[in-house]
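Each chain carries a letter (A, B, C and D) given by its place in the written order, and its residues are counted from 1.
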């Protein structure tokens, strides 16, 4: 070991997380001390990790190998710009969330807290290892560790049947996904897999088109299961709400992105000789997921479920961008592929920040109001103003409004779409803009959903009498940090894009060139330009001028009075829209998608409620489960108790085999 | 020691006769309805087996085959059938052996099995010496026949009889086809047979005290549903 | 050279000792002591093998090589920890079923006999003695299965006795044919059944005879391995015996039976060529995997559940050996080792759970974590390990099996995935139901020390997944090399 | 320097012109419905009156409610500095291209909706959800229309679109015809005009925009109304820039200014007339027909896109 390298730094950070888990387990008895000690330290670890990632984007990739189960199968790690970028994401997110956790988990009983420390830090560790792994075995072990740790976190309230079901669903799909990924690796690495399948060897894999497509489909299925793409998403809206808020934040913000990382690493880097149809396929799946998810997000009545569906939507958008990149690269338009990739990575980072911000916020609401059921909330902005403000930033960001970060990535994505005419294949280039308007639709609906999210729970009158109070200092500061990150990412896209440059070069061989900090001109100044800073400055200026003028000329004291409401005398909280009522038009338009059922909510106070069904479960998973049950019923017939029948089995087996010999 | 040629010829044909008898008894068992006769047949089979072993010993002059001949005479022809007989009386197991399939069909199946066994063993017997030519086929046929019998019978005891008949078939294969396994193995096999038989005895009494019947239908409770 | 005999002797003297004092408190302790000594002897033997490699002893009647050494090692470990577990466990069982002193003595004697026969089967050089040992093991365990004299136990034991008896008869016939073929080259006499000699001449053995012999051996020993459709005895026997017995049935017996099949496979490969045996093994393996997986999906009885899971894992290992090639065979061996360590751990914890709940109904077991964290976590970890979650050795073996299948027999991978997925879907929710939730029981759970064997074995399994000691790796590689 | 002058000029011009355009519209409608028009300057009077009135804050509302009017106004004002109504290549123009402009309008809308929900009345939420629905439906159509133009001119920045379209003058683009139709329908919807909304109603069955601003009064209401008028003018301006861009002066070219002003006046008169005619002829749609209206717009936009790719124009 001559000099310290980024990889060593990253490893140190991960080890510190491991140690902190054990420390927390040891200290668990003294809740306050443990929380105040462990979580801030793991924030440090996160920052360290982010620093390592940042450093890696400039340094040359370095490799670390530790002797593994047997000599030819080592534990091997590698840190290149791509991993570096995701390490930054993970590190920063972990840092912020840990600050939040410091305050959030303090009330837990000692036993639960001990376990939580191990699982929380193990979860972080697992994600970090996934990003660093450099051979199939290491990757899969890390992948499963991540899955198991997060599983335990999901079933923290294991007394509830629901959270147990969620956990099972989650781990089952994660396990199947892992098996698929394993097969994909096996295809990619060929004979070499038997030495653990080092990624370096997979890069050189020469596959026939058929096997390349097989590997692509297998890995895309596997990672898609983790990313919650359309048919495989059912675990997501169950698991994310079941977990405690900081964990949901990490799952949505970071864990889903590890799936995206896997796709970039395997489906993009290892399979350069992509088939024509991969890109459109990915794009289609992404778009379908996004639209489906955003509709269901809008229809949810539970804050965390809404956010979970919206995570699925954002993953869908990222997939759209990646599909676009694949399409461009398949036709050798690497510059355009670079633009699409930047959009995808940028959105990944944005999503990490605003989604975790929103999850943390709803966690605060849960602690403050004791519920996240929107039909019992309302008017929180009065009681928890600071949380409400940070949440507002998050909502505006996720709704894709300028000058915040969500808009930047969507803008980049649309710009990439508008370059479609460069494609030689005319039908494709004709269809892509339609996909673009699909993206716009999902963005607009997302705005609808988020407006509902914020308006119903934070504005208006309280729908139930709950003792609400502002959350603790730690929580608020964490949310503040994340909100600032959203603003910063929104204002200075040029900086981040410059930072992404090495990653993009690694992926497609050429970058976008440096952007100024003020102007964002991905292609050329007269093609398209956007300057969030001037944008913000303009609005601020106009606002100030207007305000000053109005006050100066017509400034009269304001008077508070009851609402007018077209002169209707009575005004009760029940007269506001209910969470479902607010999206009633959508429910009406997309009736076939949500399988609406009307049913009496309570016999005591008879009133009808709407129940949403999950079409995928109804039309895909139930039949599957039924088939499996039927098969097992047939299997079980074998074991029907009569010894003579059992003897008959072995007799027939014997005769059959002997007959084969003849 | 060397034996003169015509004894060898006579002996070989005699051995073939015994083998045929073994098979015949197997069929008889398959056809038999009454338990008591079944046990007698078993005893006869044991006797034939012992005779055959002795004959092979005489022909090949392997001394340890005499021991195994004595062993099978004692165990298979005398001791086990006698004990079974007593068990039958002690446990008051009466009446017929109701078969799962009716007898003629069973016999038909048996014939098919024998043909199958011969055709399977044909290439083997081609490369055996004069004495043991075709013995593998017969032994295989005997084993399969007793297997069939175990499948088609409903009473615990009749299954045991089938099991022992199968054992006889194996012994026959061991002695006449391979001219005797190594002694240590023979002893081990015999020991296991003995222990197994003892355990069987224990079982029967346990069954009696739990189900007070020897019918297998009591032993068909455990199943998946 | 004497060490082999020492191992066997250690195991053997236990039988008369326990026959004299095998009841009450001393019985349990003697049992532990005997197996502790055996384990020490085995470790010594392992040391020697590590230094000098495999060797024969006692006029070539006994042999130890890399493959058998591995299994003997696992035998020693599992045997010892089972003895430890059985001490406290059987005291409570005896109280619950009012077992007489005689019955306890019977239990210990038979158990020790079983362990002895296992070692004998692994260490003997003669295929005949191997058969004798297997038969002896069957006879020894029959009475253990029906130890409680319940109607159910009796039925299970009877089925076990008859099915395995018939199976072993087939195996004997196969052995005879083997001898018959060997005679042609090695002449009559005991050396014609000695493995070392047979291995030397396997190329010259008559193919047709060997093929028939292998079919009989496969059907015979396969019954004891629990290959579908010959597995029907297995769940019954596992369910109705004491959990300590289920642990060794799954942990040792199945392994040794598979070992016997593999020994024969090597000879047959030499005579007939590799494909014949390979196809049979793959077929049986896949069939067992699928049948077991789907049977678990509706299982209500916790011990039957894990009996089927043993069928599943044995099927997987068999399949691996069928795929062949140095890696797949390596994976198969690793799978056998990890499985017997893990599965016995599972049965230990399940046994405790069943004692706590007083029922084998999965529905009736819940809230173990709350009732006694140590038991809850023991069960949780053991079952996660058996499901092939890292860092369990089973994860590594499944990793290797699936990957090597992918590029040797790609067609089979969907079936493998189906089997593994269904098995997961079958076991995991039941695990959650048993471990999580509220605990209805007030009385204290098992003492942490009673769970020690579980955690030790799990630690070993974890080691197999993270860093396998170099010696073991070499042994496994040699074994894999000669198996394929 | 001159460019900056243009910048200031246009920003102020749009600001001051907006009520006038609204007044013109009202008058034209009145005449068409043969009512006596209230005079073209009426909107100015209304605004002034409102500014002088005391403004009341509804109880139980938060700072959002109070901040929103200023924010709406500011947003529209910024937009007024970007859209090339009088001149292209304004200094501020690069700050936001078409997509960013749509984003800017969306920002304003979201704040208005949130403010409406802040009042916690049945009307507030009702208006809010209707507004969001219409917006969600309209935006894809709008983008489809804009894409046609920007694909044609390989740019999304309005200035360069205008330049490009000007350069190929009087070339007939079938795709642009469809796009224009789509854009026009969106314009009607986004500015709360008949047939989607009725600016002059207070019946809860029909109103969308009005329902959201019910609780505003005094200067707040004035700002909101003014912002709405600016928005309408801006939309018309964008329409003009996209579909009849001829005569827009390049920034800094003082000589071209009079001509540009003349052309602008002419186009605005024409556009106002068209709007008025439409609003007289059509009736307000039932609310649940609105999505179909939007879908039609979207379809037109799509046809525009496709015809661009099929006919290459």
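Just so we're on the same page, a contact is a pair of C-beta atoms (placed from the backbone, for glycine too) under 8 Å apart; a residue touches a chain by one contact, two chains touch by 3 or more.
A quick note: this is a predicted structure, and the numbers were derived from the prediction, not measured.
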Quick note, more Cb pairs in contact for B-C or A-B? It is B-C
Averaging each chain's Cα atoms, the one nearest the global Cα mean turns out to be A
Per mean C-alpha coordinates, the chain lying farthest from chain C is D
Per the C-alpha centroid definition, the whole-Å distance linking chain B and chain C comes out as 31
Chain A and chain B have mean C-alpha positions lying a whole-number Å distance apart equal to 70
Chain centres from averaged Cα atoms put chain A and chain D apart, in whole Å, by 36
Chain-centre distance (mean CA atoms) for chain C and chain D, in whole Å, is 79
Contacts with two or more other chains occur in chain A at residues 636, 639, 643, 647, 654, 658, 661
Check: chain C positions touching at least 2 other chains come out as 158-159, 162, 166, 208, 212, 295, 298
Multi-chain touching residues of chain D, meaning two or more other chains, are none
Contact graph of the chains (line, ring, star, complete, other): other
All chain pairs satisfying the touch rule are A-B, A-C, A-D, B-C
Given the complex, residues on chain C that touch chain A span 158-159, 162-163, 166-167, 170, 208, 211-212, 215-216, 218-219, 223, 228-230, 232-233, 235, 280, 291, 294-298, 327, 369, 373, 384, 387, 389-391, 395-396, 399-400, 402-404, 406-407, 413, 417, 420-422, 424-425, 428-429, 432-433, 436-438, 464-468, 470, 473
In the complex, chain C touches chain B at residues 126, 128-129, 131-132, 135-136, 139, 142-143, 146, 149, 151-152, 154-159, 161-162, 165-166, 169, 172-173, 176-177, 179-180, 183-184, 188-190, 192-193, 206, 208-209, 212, 236, 239-240, 295, 298-299
In the complex, the residues of chain A that touch chain B are 636-637, 639-644, 647-648, 651, 654-655, 658-659, 661-662
The residues of chain D that touch chain A in their complex are 51-52, 54-60, 62, 64, 66, 70-71, 73-75, 77-78, 81, 92, 94-97, 99-100, 103-104, 106-107, 110, 113-114, 117-126, 128-130, 132-133, 135-137, 139-141, 143-144, 147, 150-151, 154-157, 160, 202, 204, 214-215, 218-219, 223, 287-288, 291, 298, 301-302, 305-306, 309-310
Listed in rising order, the residues of chain A that touch chain D in the complex are 378-379, 381-382, 385, 388, 392, 396, 399-402, 407, 411, 414-415, 418, 421, 426, 429-430, 433-434, 436-438, 440-441, 443-445, 447-448, 451-452, 454-456, 459-461, 519, 525-531, 534-535, 538-540, 542-543, 546-547, 550, 553-554, 556, 558-566, 568, 571, 573, 575-577, 581-586, 588-589
